[in-house]
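Note sheet for the following structure.
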Amino acid sequence: MKKMIEGSRAVAEAVALCRPDVISAYPITPQTHIVEELSQIVADGQLDAEYIRVESEHSAASACLITGVNRALSAPLSIWNDHQDTMGIRDTGWLQLYAENNQEALDMHIQAYKIAEDDRVLLPVMVCMDGFILTHTYESVDMPEQEQVDAFLPKYDPLYRLDPEDPYTLGAYIGPELFHEARYVMQQDCLASKEVVKEVAREFKEAFGRWGGDVIEAYRCDDAETIVIGLGSVVGTLKDWADARRAEGQKVGALKLRCFRPFPGEELVEAVSGAKQVVVLEKAVGMGAQGIVASELRSALYGRSTVPVSCAIVGLGGRDVTFNTIDEACKRAGAGEREFFAGLRTEALEEA
Amino acid sequence: MATQPFTYELSRGFLPGHRACAGCGQAAAVRMIMEVVGPDCVVTNATGCLEVFSTPYPESAWGVPWIHSLFENAASVAAGIEAALRKQGRLETTRVLAFGGDGATVDIGFGALSGMMERGHDILYVCYDNEAYMNTGVQRSGSTPFAASTTTSPAGRASFGEDRPKKNLPAICAAHGIPYVATASVSFFADLKRKVRKALGIRGPKYLQVHVPCPPGWGYPEKDTVEIGKLAVECGLFPLVEWEDGEVTRVRKIKKVPVEEYLKPQRRFRHLFRTEEGKAKLADIQALADANIEKYGLVD
Amino acid sequence: MTAAELLAVAAFDGGKEAQAFPAFGVERRGAPVMAFCRISDQPIRIRSQIYQPDFVVVQDPTLMETVDVLAGLKAEGTVLINTEQKPEEMKLDTKAKLVTFPATQIALEELGRPIMNTAILGAFAGLSGLISFEAIERSIGHRFPGELGERNVKAARRAYELMKEQSA
Amino acid sequence: MTTSQASARRKPPLGIVTRPGSSMRNKTGPWGIQHPVWDWDKCVGCNTCEVICPEGCIRHLEKKQYEADYEYCKGCGMCAAACPAKAITMTTEHR
Amino acid sequence: MKKMIEGSRAVAEAVALCRPDVISAYPITPQTHIVEELSQIVADGQLDAEYIRVESEHSAASACLITGVNRALSAPLSIWNDHQDTMGIRDTGWLQLYAENNQEALDMHIQAYKIAEDDRVLLPVMVCMDGFILTHTYESVDMPEQEQVDAFLPKYDPLYRLDPEDPYTLGAYIGPELFHEARYVMQQDCLASKEVVKEVAREFKEAFGRWGGDVIEAYRCDDAETIVIGLGSVVGTLKDWADARRAEGQKVGALKLRCFRPFPGEELVEAVSGAKQVVVLEKAVGMGAQGIVASELRSALYGRSTVPVSCAIVGLGGRDVTFNTIDEACKRAGAGEREFFAGLRTEALEEA
Amino acid sequence: MATQPFTYELSRGFLPGHRACAGCGQAAAVRMIMEVVGPDCVVTNATGCLEVFSTPYPESAWGVPWIHSLFENAASVAAGIEAALRKQGRLETTRVLAFGGDGATVDIGFGALSGMMERGHDILYVCYDNEAYMNTGVQRSGSTPFAASTTTSPAGRASFGEDRPKKNLPAICAAHGIPYVATASVSFFADLKRKVRKALGIRGPKYLQVHVPCPPGWGYPEKDTVEIGKLAVECGLFPLVEWEDGEVTRVRKIKKVPVEEYLKPQRRFRHLFRTEEGKAKLADIQALADANIEKYGLVD
Amino acid sequence: MTTSQASARRKPPLGIVTRPGSSMRNKTGPWGIQHPVWDWDKCVGCNTCEVICPEGCIRHLEKKQYEADYEYCKGCGMCAAACPAKAITMTTEHR
Amino acid sequence: MTAAELLAVAAFDGGKEAQAFPAFGVERRGAPVMAFCRISDQPIRIRSQIYQPDFVVVQDPTLMETVDVLAGLKAEGTVLINTEQKPEEMKLDTKAKLVTFPATQIALEELGRPIMNTAILGAFAGLSGLISFEAIERSIGHRFPGELGERNVKAARRAYELMKEQSA
């Protein structure tokens, strides 16, 4: 059913549709609305779940699925959106999906349960959803029916559980004789989960009729000379921008990196190799280093393509990303700048 | 009426222009405390309303050295500063204070606070207790009172609000055996100031929990902050107690007003007055107040 | 933000796509707050703030001393100000259409409190013609159930009719 | 080291270090709808209003004479509500 | 004075020579010996410092210099060495130096104080020292005299301090109007600190006569066809390996990445561009992604060089890195493998 | 002597082949506890000796479901499991236990434990108290006794060892008002087992702190574990006490042996017997024991 | 689900999941230098030795008859030290 | 590990470079422990474990049932075993030189406790000729001050002389 609701509420309802048994919650702006909505859903008796209000997020972070509502990291303290938080944990073995809009955030949660619970994966999944920009925005979403979700997500039957009838030991510690191998296996699983992400996206399309790409989504990229890559909510703006600039005769395309972990290197190489310029819009900084996504992309392209790749850091700590920002990024990339911040308030820098 | 322009010295510690809501009990309490403390101090502050309303870059309401690091570690940061001042031989005169909200103190930062108390640092830790996470939008904390409706313990068809009693952190701190623990209220300001003065005269860890009503979070008109705070004390739900070396040494006697008088003006308790179940909870709350009255001998 | 949200709901209810969001600025009480609303016949994808609005609503005119509320407003746009003054009295330097109405007064009279969201909503509907009053009514009813809703609808209607007159 | 010495070396890193009392540039007076006015004749000099004002913007002129700094007074009305002598009235005259 | 001591003890003594006022300590294997030695030094009255035994490392981590004794991260739990821990915080704005041996670990601590306290830097520095492999090894080090260290490190005069006489507010929070700029400035500082790292290395050489490279150190790389890059203690083995293979006629070189943050992209491009093959030995896994150091290197080389870069993941969780491991890495790199684990116990994988 | 081969059922909970040091008091205590608990339980375990000696991959000494996640969060993990079992309706029969060392419990994990108690989960938390971080090599914890020499509070020319008294975590837990708190000792095993049984019969959070001597960490011959544990209790330094709903309800009376008898056989206190300053500290330690005796009425 | 069902799906990820009681493959008997032997005539059946053994490798055969499993006994000597009847002697004969 | 450490200190004292480190394996008590020592005239850079030792010292011969202590030992290498048995009785299949000596017995007699590090050190010095006994003496004295040191030196000397005889 289509309705006009706040992004946080949409996600909370989607999570409720997935019938979790236990919800552990700790507020942190801007994710707060989601746990608040969930607690209201439970308080109203609409979901029968144990809702634990833990004493710190250190205690909350033991779930197999988390909504990573993206926000900037200190210092300085900021509660507004960028991707520094989730980018900072990109090595950990969590799968990371970035939502373009509230509909996708909602759909991704349902998909994420299916991915994480797949025997082939057994890795946690994080749905990254831009704080404020998505969570606090009212827009229309198509909310699935409970029966549809139930059919898509049969009751979870974990491979290993803490069951007195079958008492496994979980989380042993391991010496140098096997650790290297254990990480190798985990890396293989993580890389292989890309296929599961794609598969679940296809199944979701069949069941619900919606499609936002599997690991990437190319928009007007086919004959594009400049391809601009983004993650999360900026992609909506990017698509409109591409339409606008195409209308002016510029051959540009937008590329959504929907799944950042595992990193879809092959797919990206294929998608951008034909272009003349690639611009990656990044909402995080690798301090003292190159752009995080851009360097992974260049690395994937290395020896396979020579299309120039520039990294434009944009939208940190809630800085709005506008058509101007994107134009600036493309212009500077075209002039050969590899790594730069776009959308800087230069006058503020001079003052300081 | 042509008067002199107003002037504000940095030495006040806490200056106007901060962005607290009008009628904020917390802002009033901090002001009172800083007046007693004076300029020779270093303040650490956990994340929460106080930090946010007093230091939005590039503004700071603080006239004394002030540092914020995280939501959870005000006590640890204070401990580091105390150690540095000790090494520099400045601890005799310079006081170290840590401010944290109830969420920062009772929940996420309690490990750090407990460690600080255990190690015996010479710090006055002040918890301003507005009984929920206000800065993030009124979520429950361990210090939220029984049956209060918050955004994570909302009243609803299957819920009467918070289902756990308020965590008694002052008693828990007292059980650490530290030299001084006290509860205070912004509404009893002479008492509050006396306690701050007393704490500053004692070496070692001191813990002060100040009850600070919050108009938007509790849902009452902003002018009534002082009145609401008084009722909390006078009904027995927030007893004013002092502990020294783990033992209760002084309590403030109360009038024993019925808890309804305190609860009724507040939106967070509104649901209790609307259903039969709610009324039963009112009796439970009265029982909690009575238990305090009994335990601490609040009524002669 | 509530006005923008109600507006989006009403627009959606009237068959349009809509998007409403607050300005992600410092949001402590007392500080000026901005909110945005886009309404379109097409799905809305763009996420940036609105720099060239068709319509600006000013809830607290004292802000106009410190904030340039007209920045970016299109020449053919409209600015709606909550004040008891007449447009002429406002002395604004703009080509855009200037409309004033006493939202605070309406709110105080109908709701007993200076909460102007629904009056503003009604005024916007009357002025812009973009949404029907029925949609407004439903969106208010959804958000404020019971008697409170009815009083809000009343406030909205007063503003709506006032604007209809003015723009007629 | 004093402030000036520090700035001779390097400016505070943007966003990290703030000067004390700089909040005072933020005039919160306009937040209020109503602001307090005193009837000094009624005042009993208990000092409550000065102590409890969350803004710290009430000052004591001389015996039983208090006044607020309307540049900062947010108009919360706590002073008026708490005054035992009902010597304070909230009005819109300083809006 | 040269002496034969354990790595941990060497570092503890070096730290003591830097005369810290406050030491905050929390034990975690394998870093423990260092804090133990320091506490003994304080207990014996040899250093007058406040030694705080905090209740958790969350409380310990507020220093401007930390010794990152590298150890593997869960899961599974392992206490042995790799670089997953420090690599995982590479975006945070800490400078990272990796020590080849105990002498260098010791020297780096002294340098790190000077770097971190430089007005131009004002960023924290982390000396990364391989757990067990260095910390638990006895070898000879040349311990500087107190006077030398005092001369090198004049008493720290911080730019901003918490001083009632001059009461700054530290750690304000910041809105979207300036956050982007604040991060930009920090990134500029972080990138610029590379010069300070070099400068301090030179000054150290002058004062103490020892040199381990500035940001990188190339060993027998001049005419090398294959250059193998490593960080930390593996570099010692690499150098011996290079000598051995050179003796057999293979044109190989070893390259030490001494400073990983800021990332010395230009220096690396220059150092490896002439080779026919580059192999990066990495002790960390970017789960679901390419090698962490290798992708940054490829990104730096992108468009500037075409030398093939392979990433060999080695030595996780304490797995020994031997000449065999390095030979395997070079062989597989030569055969065109880009990303692989070397030194795997394949028989263990089959069993599992 | 041709006897039947030994057999070990998983239902014992804790099986041989683990890698604890010979004479480990902790291993003995866990065995005793698991025997009372029986097979229908889920165990969470903080990092520490117990976790390391019982689960080096691919070996596990546990016969019941067991999970480890971090050093600091055994209580939180247990809380999640308890909530899941509650949702599944299995909490009536299946017991949830959390094990943590003194470091895990008294220091780094205390925030999580405090939160778990505050929320009222139905969990038995067992702290095995060997009075230091043993797994990492005998560093001090908040539970390390006054004047003990550890690797981070070593005795030395400028130090007589640990300078803070042992943190009284049982009293702090009792101040949380939870239904049951007790101290026990591996050396008083009938008492220990009774307390476990009692705890299992109570719904809500239970906290049990078991004193477990550690031969290498304390420095005494491994055969003497039981004897050393007995002396700790009998001298008054580790009183055996039970609290219900925050009030002391039972204590074990002691013989009141002089503290020297307990301290002398242990290397960690050796320095006290060597200098005049050390001897003064012995008097301080006796005073700590006397304070316990007084406070809990350990002697009739 | 039982162990066998689980393994029909996927093997435990290497290094994470361990089977219960698998420590028993680790025979700790050789750790000890001396091991206990019982003099059943002296035993008073107090059961102390069985209860306190950290390995849990002492069993009760019948009234006042106990014995250790030397495959696991680490020879700590706690049983012998704690026996009130001095019925246990530590010897090297089971080394 | 203590033996390897003392050995490194002694070698360094005797003007050589040395490196000593434990095997980074599971290190709970009772489990077998390995330690390594490299001695050289050059600075030592390599960090891997030693797979082809010149010299193997076996402190607990019961381990030889489960661990292949001779793996990688060079053909011209030496293995030194703490046992009261004669080399011939050991039935080892190796080309390397096999030496046995009763370290436990020496330790028990000299120190009263089965701590064999210093005896082993003495034996190694006597057998290998790589380090002088004076260096050993100083390294022991440094590590164990006072009477304990003296007794350890005595244990080392007994082993040293025993080996000198044997290799003479």
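Each chain carries a letter (A, B, C, D, E, F, G and H) given by its place in the written order, and its residues are counted from 1.
In the analysis below, a residue touches a chain if its C-beta (ideal position, glycine included) is under 8 Å from a C-beta of that chain, and two chains touch if they have at least 3 such contacts.
Worth saying up front: this structure is predicted, and the values here are computed from it rather than measured.
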Between chain D and chain F, the fewest steps along chains that touch one another: 2
Furthest chain, CA centroid comparison against chain H: C
Contact-richer chain pair (by C-beta pairs counted) among A-B and B-D: B-D
Centre distance in Å when chain A and chain F are each reduced to the mean of their C-alpha atoms: 44
Geometric centre distance via CA averages, chain F-chain E, whole Å: 39
Geometric centre distance via CA averages, chain H-chain C, whole Å: 87
Residues of chain F whose C-beta touches two or more other chains: 10, 19-20, 22, 52, 55-60, 62-64, 68, 72, 106-108, 110-112, 114-115, 118-119, 142
Junction residues of chain E - those touching two or more other chains: 53, 55-56, 58, 74-77, 80, 161, 163, 166-179, 181-182, 185-186, 318, 320, 349, 352
Multi-chain contact sites of chain H, meaning residues that touch two or more partners: 24, 26, 29-30
Residue numbers on chain E that touch chain A, as the complex places them: 72-80, 84, 87-95, 171-187, 190-191, 193-194, 261-263, 265, 284-290, 292, 294-296, 298-303, 306, 308-309, 313, 315-320, 341, 343-345, 348-349, 352
Of all residues in chain A, those that touch chain C in their complex: 3-4, 6, 80-81, 101, 132-133, 136-140, 233-234, 236-237, 239-240, 318, 320-323
Residues on chain H engaged by chain E in the complex (per definition of touch): 4-5, 8-9, 12-13, 17-22, 24, 44-49, 51
Chain A - residues contacting chain F, complex: 21-22, 24, 48-50, 52-56, 58-59, 62, 161-164, 166-175, 178
List of chain A residues in touch with chain B within their complex: 25, 27-29, 32-33, 35-36, 39-40, 42-45, 53, 55-58, 74, 76-77
